[in-house]
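Below you'll find the structure I mean.
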Amino acid sequence: MTGKQTWAIPEGYIPEESTGPEPEMISHESLCVLNTADEDATLEITVYFTDREPVGPYEKTVPAERTEHFRFNEFEDPEEIPKGEPFASVLESDVPVVCQHTRLDSRQAENALLSTIAHPGE
Amino acid sequence: MTGKQTWAIPEGYIPEESTGPEPEMISHESLCVLNTADEDATLEITVYFTDREPVGPYEKTVPAERTEHFRFNEFEDPEEIPKGEPFASVLESDVPVVCQHTRLDSRQAENALLSTIAHPGE
Amino acid sequence: MTGKQTWAIPEGYIPEESTGPEPEMISHESLCVLNTADEDATLEITVYFTDREPVGPYEKTVPAERTEHFRFNEFEDPEEIPKGEPFASVLESDVPVVCQHTRLDSRQAENALLSTIAHPGE
Amino acid sequence: MTGKQTWAIPEGYIPEESTGPEPEMISHESLCVLNTADEDATLEITVYFTDREPVGPYEKTVPAERTEHFRFNEFEDPEEIPKGEPFASVLESDVPVVCQHTRLDSRQAENALLSTIAHPGE
(Lines give C-alpha, C1' and ligand atoms only; values in the text may rest on other atoms or scores of the structure.)
Protein backbone atom coordinates (compact mmCIF):
# COMPACT_ATOMS: atom_id res chain seq x y z
CA MET A 1 0.00 0.00 0.00
CA THR A 2 1.44 3.33 -1.03
CA GLY A 3 0.07 6.46 0.57
CA LYS A 4 0.98 10.11 0.19
CA GLN A 5 3.04 12.52 2.27
CA THR A 6 0.66 15.49 2.02
CA TRP A 7 -3.10 15.68 2.55
CA ALA A 8 -5.53 18.59 2.63
CA ILE A 9 -8.98 18.94 4.25
CA PRO A 10 -10.71 22.22 3.34
CA GLU A 11 -13.69 21.57 5.65
CA GLY A 12 -13.35 21.91 9.40
CA TYR A 13 -15.84 22.95 12.07
CA ILE A 14 -16.16 21.89 15.69
CA PRO A 15 -19.78 22.41 16.75
CA GLU A 16 -20.15 24.27 20.03
CA GLU A 17 -22.78 21.96 21.43
CA SER A 18 -23.35 18.25 21.82
CA THR A 19 -26.18 15.94 22.80
CA GLY A 20 -25.82 12.44 24.20
CA PRO A 21 -23.41 10.50 26.43
CA GLU A 22 -19.80 11.72 26.65
CA PRO A 23 -17.17 11.21 25.38
CA GLU A 24 -18.53 9.01 22.61
CA MET A 25 -21.20 11.41 21.41
CA ILE A 26 -19.36 14.70 21.84
CA SER A 27 -19.44 16.57 18.54
CA HIS A 28 -16.04 16.16 16.96
CA GLU A 29 -14.02 16.30 13.75
CA SER A 30 -11.61 13.44 13.27
CA LEU A 31 -8.50 13.01 11.18
CA CYS A 32 -8.08 9.28 10.58
CA VAL A 33 -4.54 8.38 9.53
CA LEU A 34 -3.32 4.95 8.45
CA ASN A 35 0.39 4.13 8.39
CA THR A 36 1.03 0.76 6.73
CA ALA A 37 4.81 1.32 6.58
CA ASP A 38 7.25 -0.49 8.83
CA GLU A 39 8.51 2.76 10.35
CA ASP A 40 6.74 5.37 12.49
CA ALA A 41 5.19 8.37 10.74
CA THR A 42 5.78 11.83 12.20
CA LEU A 43 2.99 14.22 11.21
CA GLU A 44 2.98 17.99 11.11
CA ILE A 45 -0.52 19.41 10.89
CA THR A 46 -1.16 23.06 10.01
CA VAL A 47 -4.58 24.60 10.66
CA TYR A 48 -5.90 27.44 8.47
CA PHE A 49 -8.56 29.99 9.39
CA THR A 50 -10.67 32.61 7.62
CA ASP A 51 -9.31 35.71 9.27
CA ARG A 52 -5.90 35.07 10.85
CA GLU A 53 -2.54 33.42 10.31
CA PRO A 54 -2.29 29.62 10.14
CA VAL A 55 -1.46 27.82 13.39
CA GLY A 56 0.95 24.92 13.74
CA PRO A 57 2.55 22.63 13.30
CA TYR A 58 0.68 20.28 15.58
CA GLU A 59 3.01 17.29 15.88
CA LYS A 60 1.58 13.79 16.01
CA THR A 61 2.93 10.27 15.59
CA VAL A 62 1.37 7.24 13.95
CA PRO A 63 3.45 4.17 14.81
CA ALA A 64 4.45 1.65 12.14
CA GLU A 65 1.52 -0.53 11.01
CA ARG A 66 -0.99 1.38 13.13
CA THR A 67 -3.91 3.77 12.65
CA GLU A 68 -4.67 6.85 14.74
CA HIS A 69 -7.97 8.72 14.76
CA PHE A 70 -7.11 12.22 16.01
CA ARG A 71 -9.86 14.58 17.17
CA PHE A 72 -9.35 18.25 16.34
CA ASN A 73 -11.23 19.21 19.52
CA GLU A 74 -8.42 17.60 21.54
CA PHE A 75 -5.58 19.50 19.82
CA GLU A 76 -3.78 21.62 22.45
CA ASP A 77 -0.23 22.42 21.39
CA PRO A 78 0.56 25.08 20.15
CA GLU A 79 -3.05 26.12 20.93
CA GLU A 80 -6.64 24.83 21.03
CA ILE A 81 -8.78 25.08 17.89
CA PRO A 82 -11.77 27.33 18.59
CA LYS A 83 -15.28 25.89 18.39
CA GLY A 84 -17.97 27.27 16.12
CA GLU A 85 -15.46 28.68 13.62
CA PRO A 86 -14.57 27.36 10.13
CA PHE A 87 -11.08 25.99 9.64
CA ALA A 88 -9.10 23.82 7.23
CA SER A 89 -6.03 21.64 7.67
CA VAL A 90 -2.98 20.29 5.87
CA LEU A 91 -1.09 17.22 7.03
CA GLU A 92 2.55 16.59 6.13
CA SER A 93 4.10 13.21 6.97
CA ASP A 94 7.68 11.99 6.69
CA VAL A 95 6.47 8.59 5.41
CA PRO A 96 3.51 7.97 3.07
CA VAL A 97 0.17 7.60 4.89
CA VAL A 98 -3.53 7.64 3.97
CA CYS A 99 -5.89 10.21 5.50
CA GLN A 100 -9.69 10.37 5.92
CA HIS A 101 -11.80 13.13 7.46
CA THR A 102 -14.93 12.45 9.56
CA ARG A 103 -17.32 14.62 11.56
CA LEU A 104 -19.83 13.49 14.17
CA ASP A 105 -22.29 16.28 14.79
CA SER A 106 -24.61 15.94 17.77
CA ARG A 107 -25.84 19.51 18.02
CA GLN A 108 -29.40 18.31 17.54
CA ALA A 109 -30.93 15.34 19.35
CA GLU A 110 -29.74 12.75 16.82
CA ASN A 111 -26.25 12.58 15.45
CA ALA A 112 -25.18 13.24 11.87
CA LEU A 113 -22.05 11.99 10.15
CA LEU A 114 -19.93 13.04 7.22
CA SER A 115 -16.73 11.57 5.82
CA THR A 116 -14.40 11.78 2.85
CA ILE A 117 -10.93 10.68 1.91
CA ALA A 118 -8.77 13.82 2.16
CA HIS A 119 -7.22 15.38 -0.96
CA PRO A 120 -3.74 13.98 -1.62
CA GLY A 121 -1.05 16.51 -2.41
CA GLU A 122 1.66 15.94 -4.97
CA MET B 1 0.72 21.55 -0.66
CA THR B 2 -0.29 21.65 -4.31
CA GLY B 3 -3.95 22.06 -5.16
CA LYS B 4 -5.76 22.34 -8.47
CA GLN B 5 -7.15 25.25 -10.45
CA THR B 6 -10.43 23.59 -11.44
CA TRP B 7 -12.96 21.69 -9.32
CA ALA B 8 -16.40 20.26 -10.13
CA ILE B 9 -19.33 19.41 -7.83
CA PRO B 10 -22.17 17.63 -9.67
CA GLU B 11 -24.47 17.62 -6.62
CA GLY B 12 -26.19 20.76 -5.46
CA TYR B 13 -29.53 21.33 -3.75
CA ILE B 14 -30.61 23.98 -1.26
CA PRO B 15 -33.53 22.60 0.74
CA GLU B 16 -36.50 24.93 0.96
CA GLU B 17 -37.05 24.42 4.65
CA SER B 18 -35.01 24.37 7.82
CA THR B 19 -35.49 23.38 11.45
CA GLY B 20 -33.47 24.69 14.38
CA PRO B 21 -31.80 27.92 15.45
CA GLU B 22 -30.66 30.34 12.71
CA PRO B 23 -28.22 30.96 11.14
CA GLU B 24 -26.26 27.92 12.29
CA MET B 25 -28.89 25.34 11.48
CA ILE B 26 -30.29 26.83 8.27
CA SER B 27 -30.14 24.18 5.54
CA HIS B 28 -27.17 25.03 3.36
CA GLU B 29 -24.67 23.76 0.83
CA SER B 30 -21.12 24.86 1.41
CA LEU B 31 -18.10 25.13 -0.83
CA CYS B 32 -15.04 24.92 1.41
CA VAL B 33 -11.92 26.27 -0.28
CA LEU B 34 -8.38 26.16 1.10
CA ASN B 35 -5.67 28.41 -0.31
CA THR B 36 -2.24 27.49 1.08
CA ALA B 37 -0.40 29.70 -1.43
CA ASP B 38 1.24 32.97 -0.47
CA GLU B 39 -0.94 34.94 -2.88
CA ASP B 40 -4.70 35.54 -2.91
CA ALA B 41 -6.88 33.23 -5.01
CA THR B 42 -9.56 34.74 -7.22
CA LEU B 43 -12.35 32.25 -7.87
CA GLU B 44 -14.88 32.16 -10.66
CA ILE B 45 -17.78 29.83 -9.90
CA THR B 46 -20.25 28.77 -12.58
CA VAL B 47 -23.57 27.18 -11.60
CA TYR B 48 -25.29 24.65 -13.88
CA PHE B 49 -28.98 23.74 -13.93
CA THR B 50 -31.17 21.04 -15.45
CA ASP B 51 -33.26 23.20 -17.75
CA ARG B 52 -31.59 26.54 -18.42
CA GLU B 53 -28.27 28.19 -19.28
CA PRO B 54 -25.45 28.19 -16.71
CA VAL B 55 -25.20 31.25 -14.47
CA GLY B 56 -21.99 33.01 -13.51
CA PRO B 57 -19.30 33.64 -12.88
CA TYR B 58 -19.79 34.27 -9.19
CA GLU B 59 -16.53 35.94 -8.14
CA LYS B 60 -15.02 35.16 -4.75
CA THR B 61 -11.65 35.65 -3.12
CA VAL B 62 -9.73 33.39 -0.76
CA PRO B 63 -6.82 35.35 0.72
CA ALA B 64 -3.33 33.84 0.89
CA GLU B 65 -3.01 31.15 3.58
CA ARG B 66 -6.69 31.29 4.43
CA THR B 67 -9.80 29.11 4.06
CA GLU B 68 -13.28 30.27 3.10
CA HIS B 69 -16.48 28.26 3.52
CA PHE B 70 -18.93 29.79 1.05
CA ARG B 71 -22.66 29.01 1.30
CA PHE B 72 -24.50 28.68 -2.00
CA ASN B 73 -27.66 30.03 -0.35
CA GLU B 74 -25.83 33.35 0.17
CA PHE B 75 -24.74 33.75 -3.46
CA GLU B 76 -26.34 36.92 -4.86
CA ASP B 77 -24.38 38.27 -7.81
CA PRO B 78 -25.19 37.81 -10.72
CA GLU B 79 -28.32 36.20 -9.18
CA GLU B 80 -29.55 34.06 -6.27
CA ILE B 81 -29.54 30.27 -6.63
CA PRO B 82 -33.12 28.98 -6.37
CA LYS B 83 -34.05 26.66 -3.52
CA GLY B 84 -35.54 23.21 -4.04
CA GLU B 85 -33.93 22.80 -7.46
CA PRO B 86 -30.95 20.61 -8.47
CA PHE B 87 -27.78 22.37 -9.56
CA ALA B 88 -24.08 21.69 -10.05
CA SER B 89 -21.02 23.92 -9.93
CA VAL B 90 -17.55 24.38 -11.35
CA LEU B 91 -14.87 26.44 -9.63
CA GLU B 92 -11.94 27.98 -11.51
CA SER B 93 -9.12 29.60 -9.54
CA ASP B 94 -6.10 31.59 -10.69
CA VAL B 95 -3.91 29.82 -8.12
CA PRO B 96 -4.13 26.16 -7.05
CA VAL B 97 -6.61 25.52 -4.21
CA VAL B 98 -8.35 22.52 -2.65
CA CYS B 99 -12.15 22.28 -2.61
CA GLN B 100 -14.62 20.26 -0.50
CA HIS B 101 -18.42 20.18 -0.71
CA THR B 102 -20.69 19.90 2.35
CA ARG B 103 -24.45 20.00 2.91
CA LEU B 104 -26.30 20.50 6.18
CA ASP B 105 -29.90 19.48 5.72
CA SER B 106 -32.34 20.40 8.48
CA ARG B 107 -35.60 19.82 6.64
CA GLN B 108 -36.62 17.26 9.20
CA ALA B 109 -36.27 17.72 12.95
CA GLU B 110 -32.68 16.50 13.14
CA ASN B 111 -29.93 17.57 10.83
CA ALA B 112 -28.17 15.41 8.26
CA LEU B 113 -24.74 15.97 6.75
CA LEU B 114 -22.92 14.98 3.61
CA SER B 115 -19.45 15.85 2.36
CA THR B 116 -16.92 14.94 -0.30
CA ILE B 117 -13.74 16.33 -1.75
CA ALA B 118 -14.76 17.86 -5.11
CA HIS B 119 -13.55 16.38 -8.40
CA PRO B 120 -10.29 18.01 -9.51
CA GLY B 121 -10.12 19.05 -13.15
CA GLU B 122 -7.04 18.71 -15.25
CA MET C 1 -13.35 21.52 -17.07
CA THR C 2 -12.38 18.03 -18.14
CA GLY C 3 -14.37 15.09 -16.83
CA LYS C 4 -14.12 11.38 -17.45
CA GLN C 5 -16.02 8.97 -19.65
CA THR C 6 -16.32 6.16 -17.09
CA TRP C 7 -17.42 6.26 -13.45
CA ALA C 8 -18.07 3.50 -10.90
CA ILE C 9 -20.19 3.50 -7.73
CA PRO C 10 -19.78 0.29 -5.69
CA GLU C 11 -22.46 1.28 -3.15
CA GLY C 12 -26.13 1.13 -4.03
CA TYR C 13 -29.20 0.42 -1.92
CA ILE C 14 -32.76 1.71 -2.22
CA PRO C 15 -34.39 1.48 1.22
CA GLU C 16 -37.79 -0.18 1.19
CA GLU C 17 -39.41 2.38 3.44
CA SER C 18 -39.62 6.14 3.73
CA THR C 19 -40.84 8.69 6.24
CA GLY C 20 -41.93 12.25 5.45
CA PRO C 21 -43.67 14.15 2.66
CA GLU C 22 -43.43 12.69 -0.87
CA PRO C 23 -41.75 12.94 -3.30
CA GLU C 24 -39.06 15.09 -1.69
CA MET C 25 -38.43 12.81 1.28
CA ILE C 26 -38.80 9.43 -0.41
CA SER C 27 -35.68 7.37 0.28
CA HIS C 28 -33.59 7.48 -2.87
CA GLU C 29 -30.12 7.03 -4.36
CA SER C 30 -29.11 9.67 -6.83
CA LEU C 31 -26.56 9.78 -9.59
CA CYS C 32 -25.65 13.43 -10.14
CA VAL C 33 -24.03 14.03 -13.52
CA LEU C 34 -22.53 17.30 -14.75
CA ASN C 35 -21.88 17.87 -18.45
CA THR C 36 -19.90 21.08 -19.02
CA ALA C 37 -19.24 20.25 -22.69
CA ASP C 38 -20.97 22.03 -25.55
CA GLU C 39 -22.50 18.80 -26.85
CA ASP C 40 -25.06 16.44 -25.28
CA ALA C 41 -23.78 13.45 -23.31
CA THR C 42 -25.36 10.05 -23.90
CA LEU C 43 -24.96 7.81 -20.86
CA GLU C 44 -25.12 4.04 -20.62
CA ILE C 45 -25.52 2.86 -17.04
CA THR C 46 -25.00 -0.78 -16.08
CA VAL C 47 -26.26 -2.06 -12.72
CA TYR C 48 -24.48 -4.93 -10.91
CA PHE C 49 -25.96 -7.24 -8.28
CA THR C 50 -24.69 -9.81 -5.77
CA ASP C 51 -26.34 -12.89 -7.21
CA ARG C 52 -27.36 -12.38 -10.83
CA GLU C 53 -26.20 -11.00 -14.17
CA PRO C 54 -25.74 -7.23 -14.60
CA VAL C 55 -28.71 -5.32 -16.02
CA GLY C 56 -28.48 -2.59 -18.63
CA PRO C 57 -27.67 -0.43 -20.28
CA TYR C 58 -30.03 2.17 -18.91
CA GLU C 59 -29.78 5.02 -21.42
CA LYS C 60 -29.88 8.62 -20.22
CA THR C 61 -29.02 12.00 -21.70
CA VAL C 62 -27.43 15.03 -20.09
CA PRO C 63 -27.76 17.99 -22.45
CA ALA C 64 -24.80 20.28 -23.17
CA GLU C 65 -23.97 22.58 -20.23
CA ARG C 66 -26.57 20.98 -17.99
CA THR C 67 -26.69 18.77 -14.89
CA GLU C 68 -29.07 15.86 -14.27
CA HIS C 69 -29.71 14.21 -10.90
CA PHE C 70 -31.06 10.75 -11.74
CA ARG C 71 -32.78 8.66 -9.07
CA PHE C 72 -32.14 4.92 -9.25
CA ASN C 73 -35.62 4.28 -7.82
CA GLU C 74 -37.09 5.83 -10.99
CA PHE C 75 -35.10 3.63 -13.43
CA GLU C 76 -37.55 1.56 -15.48
CA ASP C 77 -36.03 0.44 -18.76
CA PRO C 78 -34.88 -2.32 -19.23
CA GLU C 79 -36.26 -3.06 -15.72
CA GLU C 80 -36.80 -1.54 -12.26
CA ILE C 81 -34.05 -1.83 -9.66
CA PRO C 82 -35.32 -3.84 -6.69
CA LYS C 83 -35.56 -2.18 -3.28
CA GLY C 84 -33.83 -3.52 -0.19
CA GLU C 85 -31.07 -5.22 -2.20
CA PRO C 86 -27.41 -4.17 -2.62
CA PHE C 87 -26.30 -3.08 -6.07
CA ALA C 88 -23.47 -1.18 -7.78
CA SER C 89 -23.30 0.82 -11.00
CA VAL C 90 -21.00 1.83 -13.82
CA LEU C 91 -21.65 4.85 -16.02
CA GLU C 92 -20.17 5.18 -19.52
CA SER C 93 -20.54 8.48 -21.37
CA ASP C 94 -19.65 9.45 -24.93
CA VAL C 95 -18.33 12.83 -23.73
CA PRO C 96 -16.44 13.52 -20.50
CA VAL C 97 -18.69 14.21 -17.50
CA VAL C 98 -18.34 14.36 -13.70
CA CYS C 99 -20.38 12.04 -11.47
CA GLN C 100 -21.36 12.17 -7.77
CA HIS C 101 -23.39 9.67 -5.75
CA THR C 102 -25.87 10.67 -3.03
CA ARG C 103 -28.36 8.79 -0.85
CA LEU C 104 -31.23 10.23 1.16
CA ASP C 105 -32.39 7.64 3.64
CA SER C 106 -35.66 8.32 5.44
CA ARG C 107 -36.32 4.86 6.84
CA GLN C 108 -36.31 6.24 10.34
CA ALA C 109 -38.11 9.42 11.41
CA GLU C 110 -35.28 11.78 10.46
CA ASN C 111 -33.39 11.65 7.22
CA ALA C 112 -29.74 10.70 6.76
CA LEU C 113 -27.49 11.63 3.87
CA LEU C 114 -24.34 10.26 2.28
CA SER C 115 -22.39 11.43 -0.74
CA THR C 116 -19.11 10.89 -2.58
CA ILE C 117 -17.61 11.72 -5.93
CA ALA C 118 -17.74 8.45 -7.90
CA HIS C 119 -14.55 6.59 -8.87
CA PRO C 120 -13.30 7.74 -12.28
CA GLY C 121 -12.27 5.00 -14.68
CA GLU C 122 -9.32 5.26 -17.01
CA MET D 1 -14.07 -0.07 -16.39
CA THR D 2 -10.63 -0.29 -14.84
CA GLY D 3 -10.35 -0.51 -11.08
CA LYS D 4 -7.37 -0.86 -8.76
CA GLN D 5 -5.83 -3.77 -6.91
CA THR D 6 -5.22 -1.95 -3.61
CA TRP D 7 -7.56 0.25 -1.56
CA ALA D 8 -7.18 1.85 1.87
CA ILE D 9 -9.82 3.04 4.37
CA PRO D 10 -8.30 4.89 7.34
CA GLU D 11 -11.65 5.23 9.14
CA GLY D 12 -13.27 2.28 10.84
CA TYR D 13 -15.50 2.05 13.92
CA ILE D 14 -18.28 -0.37 14.76
CA PRO D 15 -20.61 1.33 17.26
CA GLU D 16 -21.44 -0.80 20.28
CA GLU D 17 -25.13 -0.03 20.23
CA SER D 18 -27.96 0.07 17.73
CA THR D 19 -31.54 1.30 17.59
CA GLY D 20 -34.25 0.00 15.26
CA PRO D 21 -35.26 -3.26 13.62
CA GLU D 22 -32.56 -5.90 13.07
CA PRO D 23 -30.66 -6.77 10.94
CA GLU D 24 -31.32 -3.83 8.63
CA MET D 25 -30.74 -1.11 11.21
CA ILE D 26 -27.87 -2.68 13.15
CA SER D 27 -24.99 -0.22 13.25
CA HIS D 28 -22.45 -1.39 10.74
CA GLU D 29 -19.46 -0.44 8.58
CA SER D 30 -19.58 -1.76 5.04
CA LEU D 31 -16.94 -2.36 2.42
CA CYS D 32 -18.69 -2.22 -0.95
CA VAL D 33 -16.65 -3.88 -3.70
CA LEU D 34 -17.48 -3.92 -7.41
CA ASN D 35 -15.83 -6.44 -9.74
CA THR D 36 -16.65 -5.66 -13.37
CA ALA D 37 -14.05 -8.14 -14.70
CA ASP D 38 -14.99 -11.46 -16.27
CA GLU D 39 -13.06 -13.42 -13.65
CA ASP D 40 -13.62 -13.77 -9.89
CA ALA D 41 -11.71 -11.44 -7.56
CA THR D 42 -10.03 -12.88 -4.47
CA LEU D 43 -9.62 -10.26 -1.77
CA GLU D 44 -7.24 -10.15 1.16
CA ILE D 45 -8.26 -7.59 3.76
CA THR D 46 -5.90 -6.50 6.54
CA VAL D 47 -7.25 -4.64 9.57
CA TYR D 48 -5.09 -2.12 11.46
CA PHE D 49 -5.53 -0.97 15.06
CA THR D 50 -4.17 1.78 17.30
CA ASP D 51 -2.35 -0.36 19.84
CA ARG D 52 -1.66 -3.83 18.48
CA GLU D 53 -0.45 -5.76 15.44
CA PRO D 54 -2.56 -5.81 12.26
CA VAL D 55 -4.94 -8.76 11.86
CA GLY D 56 -5.51 -10.67 8.64
CA PRO D 57 -5.80 -11.45 5.94
CA TYR D 58 -9.56 -11.84 5.90
CA GLU D 59 -10.24 -13.66 2.62
CA LYS D 60 -13.30 -12.78 0.55
CA THR D 61 -14.46 -13.40 -3.00
CA VAL D 62 -16.34 -11.15 -5.38
CA PRO D 63 -17.49 -13.20 -8.36
CA ALA D 64 -17.04 -11.95 -11.92
CA GLU D 65 -19.48 -9.12 -12.80
CA ARG D 66 -20.87 -8.95 -9.28
CA THR D 67 -20.81 -6.59 -6.29
CA GLU D 68 -20.47 -7.59 -2.64
CA HIS D 69 -21.22 -5.33 0.33
CA PHE D 70 -19.24 -6.83 3.22
CA ARG D 71 -19.99 -5.78 6.79
CA PHE D 72 -16.98 -5.53 9.13
CA ASN D 73 -19.17 -6.54 12.06
CA GLU D 74 -19.66 -9.95 10.38
CA PHE D 75 -15.93 -10.64 9.89
CA GLU D 76 -15.00 -13.77 11.86
CA ASP D 77 -11.88 -15.43 10.45
CA PRO D 78 -9.12 -15.07 11.66
CA GLU D 79 -10.97 -13.17 14.43
CA GLU D 80 -13.88 -10.78 15.06
CA ILE D 81 -13.27 -7.03 14.89
CA PRO D 82 -13.96 -5.48 18.30
CA LYS D 83 -16.76 -2.94 18.66
CA GLY D 84 -16.23 0.56 20.01
CA GLU D 85 -12.58 0.67 18.91
CA PRO D 86 -11.01 2.60 16.00
CA PHE D 87 -9.58 0.57 13.15
CA ALA D 88 -8.48 0.97 9.53
CA SER D 89 -8.31 -1.46 6.61
CA VAL D 90 -6.42 -2.25 3.43
CA LEU D 91 -7.87 -4.38 0.64
CA GLU D 92 -5.67 -6.24 -1.87
CA SER D 93 -7.32 -7.91 -4.86
CA ASP D 94 -5.88 -10.17 -7.55
CA VAL D 95 -7.97 -8.42 -10.21
CA PRO D 96 -8.81 -4.68 -10.36
CA VAL D 97 -11.93 -3.73 -8.39
CA VAL D 98 -13.53 -0.52 -7.08
CA CYS D 99 -14.12 -0.01 -3.36
CA GLN D 100 -16.42 2.28 -1.36
CA HIS D 101 -16.78 2.62 2.42
CA THR D 102 -20.11 3.23 4.18
CA ARG D 103 -21.22 3.42 7.80
CA LEU D 104 -24.76 3.22 9.14
CA ASP D 105 -24.79 4.46 12.71
CA SER D 106 -27.94 3.85 14.73
CA ARG D 107 -26.58 4.55 18.20
CA GLN D 108 -29.10 7.32 18.66
CA ALA D 109 -32.78 7.06 17.76
CA GLU D 110 -32.36 8.04 14.13
CA ASN D 111 -29.71 6.67 11.84
CA ALA D 112 -26.75 8.56 10.37
CA LEU D 113 -24.79 7.66 7.26
CA LEU D 114 -21.35 8.35 5.88
CA SER D 115 -19.66 7.18 2.72
CA THR D 116 -16.59 7.76 0.57
CA ILE D 117 -14.79 6.06 -2.25
CA ALA D 118 -11.74 4.42 -0.65
CA HIS D 119 -8.21 5.62 -1.43
CA PRO D 120 -6.73 3.71 -4.38
CA GLY D 121 -3.20 2.44 -3.95
CA GLU D 122 -0.63 2.46 -6.70
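Things worth noting here:
Order as written gives the chain letters A, B, C and D; numbering starts at 1 within each chain.
The rule is simple: a residue touches a chain if its C-beta (ideal position, glycine included) is under 8 Å from a C-beta of that chain, and two chains touch if they have at least 3 such contacts.
Labels paired with UniProt names: A, B, C, D = Sensory rhodopsin transducer.
Note that the structure is predicted; figures quoted are calculated from it, not measured.
Taking the definition of touch as given, a chain qualifies here only if it contacts chain B and chain D alike; those chains are A, C. Rotation angle relating chain C to chain D: 90°, from a CA superposition, given to the nearest 5. At the interface between chain B and chain C, two copies of one sequence, fewer than half of the residue numbers in use are shared by both copies. Each chain gets one centre point, the mean of its Cα atoms, and the points for chain A and chain B are 21 Å apart. Computed from the mean C-alpha positions, the centre of chain A lies at a distance of 30 Å from the centre of chain C. Multi-chain contact residues of chain C, defined as those touching 2 or more other chains: 109-110, 112-117. Contacts from chain D toward chain C in the complex involve residues 1-3, 20, 24-25, 30, 32-34, 36, 65-69, 98-100, 102, 106, 109-117, 120.
Chain contact summary for the complex, chain C toward chain D: residues 6, 8-13, 48-51, 53-54, 84, 86-88, 90, 101, 103, 105, 107-110, 112-119, 121-122.
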